[in-house]
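Note that chain A is present in both complexes that follow, paired respectively with chain B and with chain C.
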Partner chain A sequence: MSTGLKVKIKSWNGVGFWKWMTNDTDCGICRLPFDGCCPDCRIPGDDCPIVSGQCRHQFHMHCILKWLQTQQMKQQCPMCRRDWQFSD
Partner chain B sequence: MGGASHAYKEMAFLKRLKKEYMELKKSPPPGVVLDDSVLENNITNWIIHISGAEGTLYSGEQFKLNIKFNDKYPFDSPQVTFIKPYLPVHPHVYSNGHICLSILDRDWSPALNVSSICLSILSMLSSCTQKVKPDDDSMYMRFAPSNPKKTTWVFHDDSV
Partner chain C sequence: MSLRPGVVDFDEKWKDLSATISAVVELRPVKRLTWNNNISDIYALCAALPKSFAEKLYESTRSLLEDSVTALAEEIIVLDSRSLFCRYHYSWSLYRQGAHYLDSLFSYFNRVHLNKYRPQDSLDYNVPGIILPPTSPVDPNAPVEIRNMSLKVWRTRMIDVIEEKLISAVINEVVKEGNQSDLGMAHDVLQSFIEVTEYDKERPYEYYQRVFEDVFLSEISSIYRKLASQLVTDLSYPQYIKEAVSLLQIAKIRGEKFLHQSSIIKFVRECEMKLVTDQLQYLLSYVPQMMRSEQFENLSNLFILLSRIPKTLETLIKEFKEKVTNDGLVCIKAFMSSKQSVEALEFMTIILNVYSKYKDIVFDVFGGNKSFLNALNEGCRGFVNYSEGHQQHCQSPRLLARYTDQLLKKGTKGITDTELEEKLDDTITVFNFIEDKDTFQKFYSRMLSRRLVYGFYVSMEAEENMVQKLKHVCGYEYTARLQRMLMDITLSQNLVTEFHEKLKSDKEKETISFSTLVLQSGAWQLSQSPCPSIVLPQELLTSLIKFEGFYSSRHCGRHLSWLHHLATGELKLQYLKRSYFVTMTTYQIIILLLFETKESLDLQTMSSWTQIEEKELKPTVQSLVDAKILISTGQELLLNFNYSNKRTKFKISGQLQRETTQDIEQTHQMVLEDRKMFIQAALVRVMKHRKILKHNQLIEEVILLIKHRFYPNISLIKKCIEALIDKQYIERDAESRDTYHYIA
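So, the complex of A and B:
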């Protein structure tokens, strides 16, 4: 069925949003949401990424790096204490 | 520039402390009560009342914990001691309030928090089978630093 009505789009505004794909909502180190950023950053996004370990626990990259830097003897996941290895 | 980045670090640890404070006020684990009369002026120095669990050697007893945080928290463990005279007679609690507990020292993790520290201490009390002071209590009292984090701890008995 056709009404013969024609619509002409004059302008449109696209709105997009992004989310990190995470198992959890908050970072286990700083306790801030993954969709926000770590407490040392101001703008969420690629500049404050989320990383996973091979144990599948996830943290803000800045948070886990800070933790690993303070560990001289062993590099362990703060959640499960397994040896921390970045997953690919 | 250095000043600015230091201000950020300070904010980061205060942010987490404030969040923990709210959560502990709202839903404390059983036997744990935050004394916020002391906290008003200084959010880095907490007093916590803990009650011995029912059915354990410490049932009906009340103890006081002091938890002090520095600006490296949660990457650095807080300083946790019992406050005299509100300390339990326990093989891992020294007469000056210092606690021999591995999570406060080499087994610290930034995923731990005030609530999990209190639960660990409560469970340390609950699993105790004999109310005695540590074997080396009088020895330790002689050389103990005021900050238990400066002590080199030996963790030899995880069962109590």
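So, the complex of A and C:
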């Protein structure tokens, strides 16, 4: 049923915000929130992404890479000590 | 004549020679022929056989000069002061010239004969890198160049004899209101003291200082001491400082005319000492009174006097600072109490008026002195940070942010870019005075986010510009969030452009002109959408879903949420006599579009259809009723088909866009929470570094760390210490309770 009301939306200015899709709020390595970036970056965004391992733990990409570099013997997740594998 | 050395009769030659010497030192004319003969005679005497008469010639010349200068001195010493001064000046100017001529007469003697007495190793050349052995001390009685010998004779036979009378004559001449030529003559006389010892390269001024300067300065000291105490009794205070200024000026100008360069500064210092330093207490006693009654001319004179003496400006600076603060406080208090709601613009005007008034005074009265500029800033700080009552928040940070907001918001009438730039600089001036920089930051970012989200900003350039200015004062950290906000806007604009290009290339038609901001959640203080699951109109939803698809293809791993309570749209209303283009909030759009299917609706139906909660729904409907788009019958709502408006394009304001007192309170609350975190972080940082620290020392160090952001009160720091003890970051020492340990 229609009242014959003639109203048309001409334009719309939306406001949205984005967050990383994460299980946790903070990075387990640098302890900074995922909302922000790792300590070495200044601006959150695609330049400082979040990555997860197959163990489902997530970190700032820069943080986990730095961590893995310091590990001589085995590449392990700093949270659960399982072998670190990037999830796809 | 023959150059061959031969036997010479000394007495015969000396007869002619002594006549010439006597004539030369008095600058009487000598015939050219005689002069030339004398030169040959000197050669002949020096080269005489069997033995040179050089030494005899030197001694005879010296005793001749000694006799003639002694006779002159005896003549001069009996004269009265003025004549003595003139006569000495005259005789000296002849003698010094004569000595010069004598030197050329004896040039053979100087060149050849004196070589014997020169130490062999101090030749006139120095080979770089080779250090010559120290020369044996020169015998003070060894013959020297004839000119120097003549000057030495003048010193010992003239100056040393009439010294006392001469010096007092010179002082008489220069202290009294002498004319220019007297000063010039005095200058020449003083120059004679230097010239007569000039050959002594190691201590050229020693004689001058001993004979003249010491006596002169102590004389000046007593003259000016008497003068100062007389002026203090004879003149009023303003007259005294004025007179002192001019006396010092005159002293300097006159000093430059007659004194040797090395004495000018000593002379002026001596005058300053007696006129200013010794009278300091008297000079400073009137400062508070002059400051109170704004006697800037007197203050200017006083400044001129004191700025000559190191470390005497403190009182003046302190009083000036207090004057600025007091003046500012009077204005601010009067303003605050006269108003219900304090206007940012008037508030700024008051601060800037006080500031610019005293800034002018710093330059006009205090010579733009740096310490006074600092005092001005300190003084402004004193009143800008005033808050009514102890518990009240200081209003300034908020009002300053509000003022800036008004400048950067659309609708500021007729303001050019340069004017805007000036006004922004004004805000930075005031910003520098503000202690609670964090409070300003909070309000500023709130207002900035409103401007950006609602598109109220005048231009992005102006916004960037202002943020840069703040960054310049407070550093990167302080403005990082503001910069991220600005960046989000630019990124969003690019994103929307790309989105439209994508649609275009996919040949998809757009029914509505879609645009959006996509903000980074960490940077903005945005309230969450109160009703997350509202039902959007179909056409809007279509665009939204397309955009979400586009967004997730562009950025993986990101979750996008909508803040519909902040979104606005433009509707074309075609059901009325005329068409209208109305800008309204998304909630208002949703409500209005409900009437496409129903002519009347009650609140409950609206709520269940739209999923807008009642507390949001009511004000939204009310705003449409207030705008006369809808008519309320009490239970139901109807469309107003008789709506008319003079303008065809207009805006219905939502309720979200105004700042309420709750908002203000809430913001202050947020500032307080941030402060606690900031203080705790500072405490941990200090403790981590120091491990063990006493309470007072800890407080001091923490204040040092945070005072560039805000000036904390001690009780808040104490609370934070307690909180850290609870969280087991630090612990109290078991024995002395005011000592803390860091727990690693």
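Convention: the second predicted complex is superposed on the first by the 75 of 88 C-alpha atoms of A that agree within 3 Å, B and C clash if a C-alpha of one lies under 4 Å from a C-alpha of the other, contacts with A are read in each partner's own complex, and residues count from 1 in each chain.
We take it that contacts are C-beta pairs under 8 Å (C-beta built on N, C-alpha and C of every residue); 3 or more make two chains touch, one makes a residue touch a chain.
Because the structure is predicted, anything quoted here is derived from the model rather than measured.
*Asks:* After the superposition on A, what does A:10 contact: first (chain B), second (chain C), both or neither?
*Replies:* A:10: touches chain C, not chain B.
*Asks:* See if chain A has more residues touched by chain B or by chain C, and give me that chain.
*Replies:* Touching more of chain A: C.
*Asks:* Taking the superposition as given, does A:70 touch the first partner, chain B, the second, chain C, both, or neither?
*Replies:* The answer is first: A:70 touches chain B but not chain C.
*Asks:* Looking at chain A, which of its residues have contacts with both chain B and chain C?
*Replies:* In chain A, nothing is touched by chain B and also by chain C.
*Asks:* If you look only at chain C, which of its residues touch chain A in the complex?
*Replies:* Of all residues in chain C, those touching chain A are 453, 455, 480, 484, 487, 511-524, 526, 537, 539-540, 543-544, 547, 551, 555, 557-564, 566-575, 581, 586, 589, 592-593, 595-599, 639.
*Asks:* Which residues of chain B touch chain A in their complex?
*Replies:* 8-9, 11-13, 15-16, 19-20, 72, 74-76, 107, 109-111, 113
*Asks:* Give the list of chain A residues in touch with chain B in this complex.
*Replies:* Counting only chain A, the residues touching chain B are 28-32, 38-40, 63, 66-67, 70, 76, 78-79, 81.
*Asks:* Can you check the complex and tell me which residues of chain A touch chain C?
*Replies:* Within the complex, chain A touches chain C at residues 1-21, 33, 35-36, 42-46, 49-50.
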